[in-house]
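Both of the next two complexes hold subunit A, though its partner changes from subunit B to subunit C.
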Partner chain A sequence: MSEYGYIPEAPEQSFGNNKGIFTPKDIYDLTRADKYTNYGQLELIETQTVSNVATVDFTTLGTYNVHFMTFNDIHSATNNVLTNVRFYENEVLETGAVYQYAYQYGNVAGSFGESRSTSNTRIYTLMNLGNATNETANGYTYFYNLTDSSKYSFLTFHSMTINATPNGNMNFGSAVLPQASTVTGIQVLMQSGNITSGTISLYGIKEYS
Partner chain B sequence: MATNLQFLQKVTSAGLVSSFDMNNIFDKGYDQYNIYLNLIDSSTNGGYMGLRFFDSSDTIISGNEYDWAGQQLKSYGSFDNTWRATSNSQIAPIFVSTNDDNRGGGTLIRVFNADDTSSYTFITAQSSTFMDSGLDGTKTIGVHKGAEKITGVRLVSQSNTHSLSASIYGVK
Partner chain C sequence: MTITVSSAVASVTLTGIDSDDVYMLAVSNCIPVTNGQNGELRVTKSGTAQSDANYDFAFKGLRTDTTFSNLASVGSSKWTYPIGWSTSNTSAEAGVSGNAIIYLYNFNSSSEYSFITVETATKYSGGTLAPTGGALHKVASASDGVHFQWSSGNIDVGAVFTLYRVV
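Now for the complex of A and B:
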């Protein structure tokens, strides 16, 4: 009996190295085993389109080492606040003053500066925005090691917003939850008040050994 | 079917190393490559890591052919805005101030024009790491000022050694 068209044995199959003739069932089985070459490793986990909520939770993270989150047209109910992130560790929300962040900011009026903290209750990611029409926040965040219980959880981020002036506003930075833990969820919230509207998408960056 | 981020390979260091080579990872037909770097551990606290390229003969480019600039962000103090050089032997920093307690860290390096024989090769990089003092981050730009094909990357540790893994993708 042939395997993948070979008699008696087929060569070992792996991502990027498939040899032989494959039935639909072969493709299905090899794909499930991460051994069939399918391109498209930016894998959408979940998109949430929000409307007037205090928090947005992403509680399915998969087993990725790197996650990517995009923020589109975030509107805030409160004026002049930043968009924040904090984590669930083993399904328990970490609200302690344990997060650290550091970011560089600047705006079109020429004001540049640094913002940092070694003990905050949340991570400030997207720069501050106003609450009038078109005063929105847009940006992205990369997360590293969230699902690794032996490692801290790290972030990098970059955003462009329209603040309350209204002026164009940017920041880029890094952050960490300096606790060796398994992060099981990501919570997005405003510095105060509700998220009026916006779209947030979470992706996993898939890799193969 | 969307296929825009395409996994190419994963490279892992043999424990703690002073140079981490990723040979022949380019020349795959992409205008942009993404390298997601997973910092596993360091021999000591502190230090930083720089980057050099391999040319089309798989020879390391160690001459003074790189310009770069970066910012070191710190949760525990004023940021360092002195990271810059022209006609230098490497691009830095790719990350700074790692710890020796196996706490990890992450970096994304984007490489532009590596396959192009008539263009300079550019990078952007952003990292997040942790030392005993607190969080360190970097945002770095760099260019190899040689119009030639680049085939790989060497990451060079300064003052300590690191264990790393890197996942390389083509952006289509």
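Now for the complex of A and C:
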């Protein structure tokens, strides 16, 4: 009986070193064992479809060094507010004025500027949005070192929204929670009021050694 | 899908957006045949590039040669600056190219506008240019792809456009 096309036995399979002929079941089994070569994998952890809530928590982070979060079609109950992020450290929500962020913003009418803080109670990520029809927020965030207890937790973000004017406005920037801790969860919330609707997805970026 | 330009063409169209997922367009080695061109991006609906006056954009023009620029417009017939900004051709500067990562949001929605975020890295004779920001097409109907061209002239051989669905 052949194994991966070899008779009687195939070479040992490992990531970056696959030899033989593979059935779909072989690929499935080897992938589950982290022995099949698939470069650059974005692994979906969780998608949450939001409906009229104050906060959205992602409490399963896995062991990734880099996480990726997408925000699609976010609507706000309150007018002209930013979408925020804060972290759970060892299951305890950090609400202190300890977050730092800096971003560049600009709107389609030509008004541009900078926003920064070294001591905020949350990280402003997506730009402000209105609460009328079609006024939505969209964007992505990369998170770094969340699960490393010896490192600060960093993020970069980029968004495009429609504010209350209504004008399209964008921002891009980065932020940090300058505390060497294990982040065990990510909370998404509006600057005030509820998130009316939207889809938020969290991914881990798989790495191999 | 991936489109690799094998002979100079006027434009490239990528379609196939048919779900509510976020999509990502990766562009590399995009060079104008004619020197000093801006990139022009449009949405497609039913595969056809839309040229109405409903394109708004806001990009911070990061650059190595002088103070950053503000690039913004309301009611344009296209998104200008994604992928290229005064981009040189290879006759002017060998090794030059336009490159970008563009995320697409709400394209498949029949009731929302189509949004993009853009990171571009390109070059002209004076230095490196990086228009970064976002844009929207203010028509509440589904878009199924994007169409790219340079402001004048063809896209040179070697450009690679890949559209991904983020799942």
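What we mean here is this: the second predicted complex is superposed on the first by the 179 of 209 C-alpha atoms of A that agree within 3 Å, B and C clash if a C-alpha of one lies under 4 Å from a C-alpha of the other, contacts with A are read in each partner's own complex, and residues count from 1 in each chain.
The working rule: contacts are C-beta pairs under 8 Å (C-beta built on N, C-alpha and C of every residue); 3 or more make two chains touch, one makes a residue touch a chain.
Quantities reported herein were computed from a predicted structural model and do not represent experimental measurements.
Student: Put the two structures on top of each other at subunit A: do subunit B and subunit C fit, or clash?
Tutor: On the shared subunit A, the partners clash.
Student: After superposition on the shared chain, which partner residues are touched by A:G16: those of subunit B (first), subunit C (second), both, or neither?
Tutor: first
Student: First (subunit B), second (subunit C), both or neither: which does A:Y144 touch?
Tutor: In the superposition, A:Y144 contacts subunit B only.
Student: State whether A:T70 touches subunit B only (first), subunit C only (second), both chains, or neither.
Tutor: A:T70 sits against subunit C, while subunit B stays out of touch.
Student: Go through the superposed model and pick first if A:T199 touches only subunit B, second if only subunit C, both, or neither.
Tutor: second
Student: Tell me which partner A:Q104 touches in the superposition: subunit B (first), subunit C (second), both or neither.
Tutor: both
Student: For A:K35, select first, second, both or neither according to whether it touches subunit B, subunit C, the two together, or no partner.
Tutor: neither
Student: Report the partner of subunit A that touches more of its residues: subunit B or subunit C.
Tutor: Higher number of touched subunit A residues: B.
Student: Mind working out whether A:H158 is in touch with subunit B, subunit C, both or neither, as first, second, both or neither?
Tutor: both
Student: Quick one: which of 3-11, 39-47, 93-101 or 147-155 on subunit C sits on top of subunit B after the fit?
Tutor: 93-101
Student: Looking at subunit A, which of its residues have contacts with both subunit B and subunit C?
Tutor: 42, 104, 158, 172
Student: Report the residues of subunit A in contact with subunit B in the complex, numbered from low to high.
Tutor: Interface residues on subunit A, with respect to subunit B: 15-16, 39-42, 65-66, 100-104, 114, 116-118, 142, 144-145, 148, 150-152, 154-156, 158, 172-176, 178, 180, 205-209.
Student: Please output the residues of subunit C touching subunit A within their complex, sorted ascending.
Tutor: Of all residues in subunit C, those touching subunit A are 20-22, 56-60, 70, 72-74, 103, 105-106, 109, 111-113, 115-117, 119, 132-136, 138, 140, 166-167.
Student: Given the complex with subunit C, which residues does subunit A contribute to the contact?
Tutor: On the subunit A side, the touching residues are 42, 44, 70, 72-73, 104, 106-110, 112, 134, 136, 138-140, 158-160, 162, 167-170, 172, 199, 201, 203.
Student: State the interface residues of subunit B toward subunit A in the complex, per the touch definition above.
Tutor: 1-10, 36, 38, 71, 73-79, 102-106, 108, 126-130, 134-139, 167, 169, 172
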